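What follows is chain A paired twice: with chain B in the first complex and chain C in the second.
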Partner chain A sequence: MRKVTFPHVGESYRTFKMLLNDLGNEVILPPRPSRRTLNLGVQHVPEFACLPLKILMGTYLETLERGANVIVTSGGVGPCRAGLYAEVHKKVLHDMGYQVEMIVFEPPRLHPINFIRNVHKLNPARLSIKAIIECIKRAWRKLQALDNVEKATHVIRPKEIRQGDTSRTYKKVLEWIDSAYTMDEIVEAEKAALEELHNIPQDPERMILKVGIVGEIYVLLEPASNLEIEEMLGNMGVEVERSMFLTGWTRDNTWKETVQGMTVKEAAEPYLPELIGGHGRDSIGNTVLYAKRNFDGVIQLAPFTCIPEIVARTILTSVSKDYNIPVLTFFLDEQTGKAGMATRLEAFVDLMKRKKTKIKQNKLLPASSF
Partner chain B sequence: MTHIGIPSSLFYYVYFPMWKVFFEELKNVKVVTSGETTREILDKGVSEALADACVPVKVFFGHVLTLRNKVDYLFIPRIVCLNRKTVYCPKFLGLPDMIRYGLSDMPPIIDVRIDTRKMRSAVYRAFNTVGQILQAKKQNILRAYLKARLAQFKFKRLLRRGWQPPEAMAAVLNGRKSNLPADPPGQLRFAVVGYPYIIHDRYISVDVINKLRRMGVSVVTSDNPPPLALRMQRYDCGKILFWTFSDRTLRAAHYFAKQGKVDGIIHLTAFGCGPDSIVDRFIQYNSSSHHIPFMSLSIDEHSGEAGVSTRLEAFVDMVRRKKGEKMNA
Partner chain C sequence: MKAYLGIDVGSVSTNIVVQDEAGAILAGLYLRTRGRPVETLQAGLKETAEKLPTGIQICGVGTTGSGRYLAGVIVGADVIKNEITAHAVAASHFISDVQTVLEIGGQDSKIIIIRDGIVVDFAMNTVCAAGTGSFLDQQASRLGIPITEFGDLALQSKHPVRIAGRCTVFAESDMIHKQQMGHSLKDIVNGLCEALVRNYLNNVGKGKEILPPVVFQGGVAANAGIKAAFERALGMEVLVPPHHNIMGAIGAALLAKEEINHSQKASRFKGFSITKLTYRTSSFECNGCPNNCEIAEIYEEDRVIGRWGARCPKWDIVQEELH
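What follows is the complex of A and B.
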């Protein structure tokens, strides 16, 4: 019996589970990455591979223990090495003696046949093309609902009066969206979820700092890999805006570059006119855009040894100077500890607070005036 | 007289003869290099570059800093793709920007973009742009370009005959002629694979090549096999590697393993190198399936002479004993 599994990226597993079930597959849900996941992963992959590869390896091993034998994942065409990770995983898993089938989705714009063949493989229910499109549309809407709810938590958490309310409510409303199945149900669940979140008692008077988060996609999207940095910042009274969500990224990379994608590219142009793979150029472009929108600071998240982000970080020193916006970088790996991260974040938040007070007293110019 | 600075790192080991001949052929241009890597250069680079960057980038920063006040222009081309298939490592794609925005008080940087996927004549066009920046005449540029290609051809021919880039460079540019010593029979022969800017930088590689030679091992590197043979080489990892140097390293390792003329393969890699994490694993799988001894040697800015020597000696002894047993049996 074929049992399908896939990588764990934030809350998106709820959508993929629904989509794969609709197409007639038995799904083994990937568990949320934990210490054990990382330890399993680190044992079997190259030392200098980046954190996403290690976490995914651990996730696959955990799901294989539970009987999965088909892995669905994404490919890529470079120059980021994540495009080769499916091949590395396949080699390592086969070398360890697992008989596992990998279904790798390449960008459909460049490899249309690969896409059709993969969809066919994942369609044991033999749905018609029309039905598949309907399923994908519904899944897409669900993914958007999940992203919208997450965005709402980023705005509400810093203002909550009782600490932990937002996270608790978020967990609850995720289940509502999870159990929604038809298009109408999804829309309704999303509406109800947003309403429930906005009903959390909030303090409108509080001084809120706004921080943009840029960096590599996996460590941005998977809270388990960035040690829940957004929640930590929220509890310190910081409103977070993340530059990347799964829906936005998928649209940019599978179909066309959206208007927003273009402006990021344009913003990065004077500093880095070349696509260097990964999300290096996006990190620079988004930092410029955040500075122009008067954010108080930018945090860059990147896996250790990620070359595009290293290049971006080198250039960001100039961006930070030119726009007078503080930038803090975290290179994450399996050794990163939560306490160390919290200390650095607290110091960073203090710095931004002092700067903001100075701007309010007209002693300093805001970032957008540079 | 315009002084053009070419840092002796990264692309230096692959394209320097071509660049030097081209610039010297234009009138009133003098090429200045930063010379071999030294402790001082490395220290400068380490203090300026990002801590998480790999050693070659730090070394490059050091070389650039050495040239800072000595030249009118720095030549750091943005080489994206030269073979219409693979691109260079992300650090090469962002190299001019890293220097421009990561270091202060830099002379103007000539950063022509070369991408042959868009246009076959991209290389000539790039040289033409560079010539125009230096205000050279059209026919002068063309002549310089042709001479540069000729020098590069001679350089590559020497590489195919088993010379290593620093020796071949000296021979092409200074006309020094010396013959390679022939291998005495019964000697060991190792392949050292990896990126040219790591293997041939005598400081950061802790002079691995000459160390091996002194131990009575003759060395071939991934710069030596004929390019066509490398291109024909198949490696089964589902996809081709995206980066030119990594792709070449992996193909070379497969070529040496399959040919069976070497007794061991050493992969020289830099600490924290992103692409190498994948390349190394693929070479390892392949070497074990061909039953060739394989060692991965990773170097960083703290590599000590003694540590590397010990590991090399142990590896050489192991291979020698294995070969002796095979011959006696």
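What follows is the complex of A and C.
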């Protein structure tokens, strides 16, 4: 019997589980990455490779233990080694003796045949094309609902009166969306979830800082890989806006590039006119856009040794100076201690607060006036 | 007389300062933490209490350093601040127009960029501790030179040898190699100072605009060899403030004063009598979810006064009860 699994990326597993089930697959859910995941991962892949390779390796081993034998993952184009990770994982797993089948989705916009073949492989129920499209539409709507609810927590958490309310409510409403199946149910669950979140007692008077988050996609989308930085910032009174969500990224790579995608490229143009792989150019473009929108600061998240983000970091020094916006970079690796990150975040929040108070007294010009 | 207490519990040293309203230092202590933050803090507070002139009333307490939360619950702090803010505040207190702060401590090093009195940028070493106090300590003891003489020895050198400063492990092999080739000790020591400065500027100081006045503080600022190497590399004067090794604690005391003046509340300080209480720390693994958080607790007598390490608020209840 084929049992299908896939990488754990934030809460997106709720959608993929539904879609794969609809197409007639038995699904083994990936567990949330933990210390054990990392320990398993680092044992079997090269030490100098980046964190996503290690976490995914650990995740696959954990799901294989539970009986999975088909892994669905994404490939990639452009000069970032993560595009090869699916092949590396396959080789390592085969060497270890796992008879695992790897189904790798390349961006359909560039590889339409690959997409059709892969969908066919994952359709044991032999649904018609029309039925498949219906399933994908529903899954897409669910993914949007998950993203929208997460975005709401980023706005509400810094204002909550009782610390922890948002995180608790978020956990609860995720289950509502999880159990919604038909299009109507998904729309209704999303509405109820957003209402429930907005009902959390909030302090409208609090001074809220706005911080944009840029960087490499996996460490941005998987809170378990970035020490839950968004939650930590929320608890410090910071509203975060992440530059990347799975829905936005998928759209840019599936149908056609969105207006947002184009704007980011344009914004990065004066600093970096070409693609350097991964999300290096996006990090620069988004920082420029956040500065233009008067954000108080930008945080860049990158896996340790990630070349595109190292290049971006060096360029961000100039962006930070030109637009007078503070930028803080975190290179993430195997550390699980939060203290170091908390210290830096606290200092960064202090810095932004002092700057903001100064702007209010009309002494310093806001970032957008440059 | 009104006074403020500042405590900096770092990886290598624990510093305690008592400052009066005007900012004069009434007592200042620099102790080795030796991996026992609670014991060291209690001993330090006891010594501070003995040193203080009579009639001193502690009106506010601030803690900083990596052990700031631990110290904060033990003494009853009014303000618990990260070490970057504390160091910046202290540097501005002594040199009001300071624009750059170089700080090198036991296991971390940081650079703070200040413009018009506010911190505009900072950086801390991330994945590597090359070029911090612990490494200097280690090398000094390997060469059999007391750490206090290390800097003066470097100053006697005219021709520093080049040592790789990227990684402390390779720096050590490089040093041994140069020693075996017959270079003099003072040139090697000076070469090491230059390597550390080079590494600091390339790593922590990368992309930062270093403008004078430059203040150099932290335990390593006592090393005249490093100070001279900084001056050569930057081409500008580097100032070492008089209390360079307890600047974090001074910053914490200044922040406590600011906080009390602002809130107009009475201090939460529990008094020097806490040196007589017994504190016990323990830890356990929470099995509530796959995160398996490692929770650390601290007991004052038989009561839990603080818990850390949880990724969710499950174990935070104690903190709420305290406030």
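By definition in this document, the second predicted complex is superposed on the first by the 369 of 370 C-alpha atoms of A that agree within 3 Å, B and C clash if a C-alpha of one lies under 4 Å from a C-alpha of the other, contacts with A are read in each partner's own complex, and residues count from 1 in each chain.
Here is the rule we go by: a contact is a pair of C-beta atoms (placed from the backbone, for glycine too) under 8 Å apart; a residue touches a chain by one contact, two chains touch by 3 or more.
The structure displayed is predicted, hence computed values, not measured ones.
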Should A:Phe331 be classified as contacting the first partner (chain B), the second (chain C), both, or neither?
-> both
Of the partners chain B and chain C, which touch A:Thr317 in the superposed model: first, second, both, neither?
-> both
Once the structures are superposed on A, label A:Phe304 by its partner contacts, choosing first (chain B), second (chain C), both or neither.
-> both
Answer with first, second, both or neither: which of chain B and chain C does A:Glu346 touch in the superposed model?
-> second
In the overlay, answer first, second, both or neither for which of chain B and chain C A:Gly280 touches.
-> first
Once the shared chain is lined up, is A:Leu84 touching chain B (first), chain C (second), both, or neither of them?
-> first
Could you let me know whether more residues of chain A are touched by chain B or by chain C?
-> B
Answer with first, second, both or neither: which of chain B and chain C does A:Cys50 touch in the superposed model?
-> first
Taking the contacts chain A makes with chain B in one complex and with chain C in the other, which residues are shared?
-> 304, 314, 317, 331
Tell me, which parts of chain A touch chain C in their complex?
-> 31-32, 34-36, 163-164, 167, 228, 304, 314, 317, 320-321, 326, 330-331, 333, 335, 338-340, 342-344, 346-348, 350-351, 354-355, 358, 363
Residues of chain B that touch chain A when the two form their complex | 49-50, 52-54, 57, 78, 80, 87-91, 93-94, 97-98, 101-102, 113, 237-239, 241-243, 271-278, 280-282, 285
Spell out the residues on chain C that touch chain A in their complex, using ranges where they run on.
-> 66, 81-85, 116, 118-122, 124, 126-127, 207, 209, 290-292, 311-313, 316
Taking the complex as given, what residues does chain A use to touch chain B?
-> 45-50, 75, 77-81, 83-84, 86-88, 90-92, 95, 271-278, 280, 304-308, 310-315, 317-319, 331
